[in-house]
Amino acid sequence: MLLTTLNSIGHTNGALAAIPSVPVKKSPHGMVSRNYQKEDTVIRFGNTQIGGGSFSVIAGPCSIESVEQLLETAHAVKSSGATILRGGAFKPRTSPYSFQGLGEYGLQLLSLARESTGLPVVTEVMDAVDIPLVEQYADILQVGARNSQNFSLLKKIGLSRKPVILKRGLMTTVEEFLNSAEYILASGNTDVILCERGIRTFETSTRNTLDLSAVCVLKERTHLPIIVDPSHAVGLRRFVKPLTRAAMAVGADGVMVEVHCSPETALCDGDQSLTPEDFSHLMKDLGIMSAFMSKLS
Amino acid sequence: MLLTTLNSIGHTNGALAAIPSVPVKKSPHGMVSRNYQKEDTVIRFGNTQIGGGSFSVIAGPCSIESVEQLLETAHAVKSSGATILRGGAFKPRTSPYSFQGLGEYGLQLLSLARESTGLPVVTEVMDAVDIPLVEQYADILQVGARNSQNFSLLKKIGLSRKPVILKRGLMTTVEEFLNSAEYILASGNTDVILCERGIRTFETSTRNTLDLSAVCVLKERTHLPIIVDPSHAVGLRRFVKPLTRAAMAVGADGVMVEVHCSPETALCDGDQSLTPEDFSHLMKDLGIMSAFMSKLS
Amino acid sequence: MLLTTLNSIGHTNGALAAIPSVPVKKSPHGMVSRNYQKEDTVIRFGNTQIGGGSFSVIAGPCSIESVEQLLETAHAVKSSGATILRGGAFKPRTSPYSFQGLGEYGLQLLSLARESTGLPVVTEVMDAVDIPLVEQYADILQVGARNSQNFSLLKKIGLSRKPVILKRGLMTTVEEFLNSAEYILASGNTDVILCERGIRTFETSTRNTLDLSAVCVLKERTHLPIIVDPSHAVGLRRFVKPLTRAAMAVGADGVMVEVHCSPETALCDGDQSLTPEDFSHLMKDLGIMSAFMSKLS
Amino acid sequence: MLLTTLNSIGHTNGALAAIPSVPVKKSPHGMVSRNYQKEDTVIRFGNTQIGGGSFSVIAGPCSIESVEQLLETAHAVKSSGATILRGGAFKPRTSPYSFQGLGEYGLQLLSLARESTGLPVVTEVMDAVDIPLVEQYADILQVGARNSQNFSLLKKIGLSRKPVILKRGLMTTVEEFLNSAEYILASGNTDVILCERGIRTFETSTRNTLDLSAVCVLKERTHLPIIVDPSHAVGLRRFVKPLTRAAMAVGADGVMVEVHCSPETALCDGDQSLTPEDFSHLMKDLGIMSAFMSKLS
């Protein structure tokens, strides 16, 4: 009787909606788990890869600002040895009145930089409706820290065939972070790269607190590659180099660092962006370290 | 020359995309600020209101599970004096394998409960594509804690004409919380109700840490109404009553509490749901308290 | 053989030291537990008490600065209804170059204020060597937040016969807080009053985050009285009144608030000190509220 | 007149106490600051040093349990290359019913181990009254995390002529940490070694969150040496090695790690103690790494 009422009242059109289905769990520990897959996931695209013993360096500006800014930075990071170019076209900003990114025009510039340098590119998707658009231009999709538990976005990005960099939220535990990745895998996309980028704590001398222990914990619990973003974590250019070295020493699969050809004029996060020269020094250090890392037990 | 290249290469169709515009700031402190609007915002709908000296009690189940569960709970909270019914149809769950809500069918049940009780209803929107659908059924839209900095969703919900309850994120400072509200106001929707629901801290004896000081700070900085959700903050039924009394004592404009006709069988958050009897006792206390709150200086 | 060597070498005088004994646990849950003692502990001294259904108001300056400042403030808080006077003679300051309190001279002033007003007095002990001295002047000893896990001090204060106010540390969990109290009880002093004074979180709009949920949790787990210090928690005078009302509403046994006859000239924490006039208003509110609180379920 | 009253009443003996003096600040930024002293402080004792380009490894058991346990562990860490032996005789434990350390007997054993191995030794002082005793046995005094803002202890340890390892509190900001060190320097002891040992955050997959960024910040702000304690920070043996490597890579002056000859029988913190074999592997890695650290820019 109640259901009869339900069918005839209000805004419903007489037909009951279907109940959305929940994915069937393929493993008691989740598909992200080492128990589900023992060997490390290696994600290949273009001429490069993430995971599998390599140390990937993703570099580029926080936000794409102009064709000159992007190309100059892109060529600089390439010549120093970066293997993937980053650049934001859709920017999640705390205030609605801050620069929000160039949108599709930024994606077009990113595509140009990819053609010009040969580097694969990664850029953030803030809204599921933009996925088809971003897929046209980018080799890797990124989910930002503030969307780390935006489950609608995670489900839809799980339908994409592009690899995904999933950033840890500022207050996401390691366990929740893995569950967020599981949303993507459960939707069908297994090419997920986890990115530790600092958590929020009481400490204010750095922008956030880089949690390198989480890399150890994640390496044990999941087969997915784990990279580190020291730029957003620490928020200060001069500390990016030592923290990148620490990320390599702790066993991360790579880093994502912000580089800007002219940090003092950057529209976003200039304080934490390396200059091309800083980046060149960083890459030399990583080259020396990686030669020795293979000798460690 | 570079721009010529840009127009002709890659995936672009020869036309440059437009750069998205950023809203013009109408006040140096933002439209949410007391400096922009001195008097309290009062949000009216149906026969009730939020803000303006009243103390609103929004009650109902965490998630809508069945027509019987929802109607029994709805009538119970109405008879005890609740003025707005809450119930989730789209549920943000940490794991993709947990019950995700009944979706549109849940909205249909919510509509039925609204017709049956006469109470206005509030429900969460997790995905901007669902806004038109949810608007058909709900009187108030809710943005959940995990989407508190999902700026794409905030912009689009700002285009709706329905009032919005915006929950504070687990990691969101008061200043960031106000900026998130500003996104909605800057998009054109000024009917925003802020909801403090506990922040994440080191303490584990409660689910989160209810930050009642934030109510004081928000009351000073903004003209928007502020309600408190003690159920999600503390996560334990037996502490909801004292914390609701504290929310009234500190000066909040209302509370949102979870009530379930049978908490032990709830599909979601049963531990923190009041029984209808608990809720009835709580409402009696609030009645006594509100009589003397008006006498305080 | 090794032990022979031990006895004959180095700085030892040939005699082996005794191994310190550890107290025997009198209850599997600890003596602080409701399982060990069901009924509330009521602590009586002078003409007043803490716990047992009363709501105690402890008021006075953060630090004792002069005879005039202390006496003027003491008489003001007494005339508004405070039942206990607080005032710091030994001040734990972040910097060694900040005013550290008047020491014994401050205690002498405190004693004078007690004689002059008839109010019992509480003051902080920072160092176990000062216990005999402070016991001469004070009715209640206080252990500050930064010494909340100074176990040596807790053991020695447990040997005192004076009641103790134990403040929660800025990063002490409820469970650890109870263990700290247990140190005092295990040493023989059962007159312990717990004081929630705000915990350290990521939020910066208030000095700390007052955790009123902890009062609920503590009330359940322990028979000891629990008071709240809103002044240190929030750090801003204008928010002390609403938070004190909330502390009463949530079920605390009292509050400790800072009052200064001239906050703008205070040597310590002036921003958070009430004026005598503010305090008088607060006490009127508490009088109205307490009349109604007894009618609540 | 008031002062006359003061002299004649109550418990005072007729004489007014002296007001304690506050140290005069020798530098506007404090003596710990790089602005006060540009060159790194190097602390020398016995045949070794901390700071000045070396990487010190302090190793040994969390608590001293028996002569056999200590000597076996001490010889093992020495043979792998540790330069300083650690071992606790006074243990700060959350519960009063946990093993509190062997006290002076533990110090006697430590002294024996020092004679037997030739390694200098460090041990914690929990109570200022124990300073003269501990000074008889130890080469370095340690102040534990829970006493990081026990200002009375810091002042008194500042009167000692022994070097001091000061641990960062679980709730201590970098700025407060430097102020705590300033207490020791202001009392006359300039041989302070700072130790980052993890801060308390919301994350629960590790015991605390190791804050390696703080090493960068501290290196910039102070001339004092900074070491890292990964054992207490992470709480899990298998993560100590990667985090120690990260500590070296980020530029720390050394580490303090827990080693136990039989972790599964340890009375305290067995889960985080390395076996002598683990430690030997760690030292080999550090040897390889230190060879190339000098080549980095």
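Couple of notes before you dig in:
Read from first to last, the chains carry the letters A, B, C and D; within each, the first residue is number 1.
To be clear about the criterion, contacts are C-beta pairs under 8 Å (C-beta built on N, C-alpha and C of every residue); 3 or more make two chains touch, one makes a residue touch a chain.
Source: prediction; values computed, not measured.
Comparing chain pairs A-C and A-D, the larger number of C-beta contacts belongs to A-D. Put simply, the chain farthest from subunit C by mean CA position is A. Distance from the subunit A centre to the subunit C centre is 47 Å, each centre being the mean of its Cα atoms. Taking the mean of the C-alpha atoms as each chain's centre, subunit A and subunit B sit 29 Å apart. Separating the centre of subunit A from that of subunit D, both taken as means of CA atoms, is a distance of 37 Å. For subunit D, residues touching at least two other chains, in rising order: 171, 200-202, 204. Of all the residues in subunit A, the ones that touch subunit B in their complex are 2-3, 5-6, 9-12, 16-20, 22-25, 30, 67-68, 71, 92-105, 107-109, 111-112, 114-115, 126-129, 136-137, 146-147, 149-153, 155, 169-171, 176, 179, 182-183, 186-187, 200.
Chain contact summary for the complex, subunit D toward subunit A: residues 171, 173-175, 199, 201-206, 209-217, 220, 233-234, 238-239, 242-243, 245-251, 281, 284-285, 288-289, 291-292, 295-297. Against subunit A, in their complex, subunit C makes its touches with residues 171, 200-202, 204.
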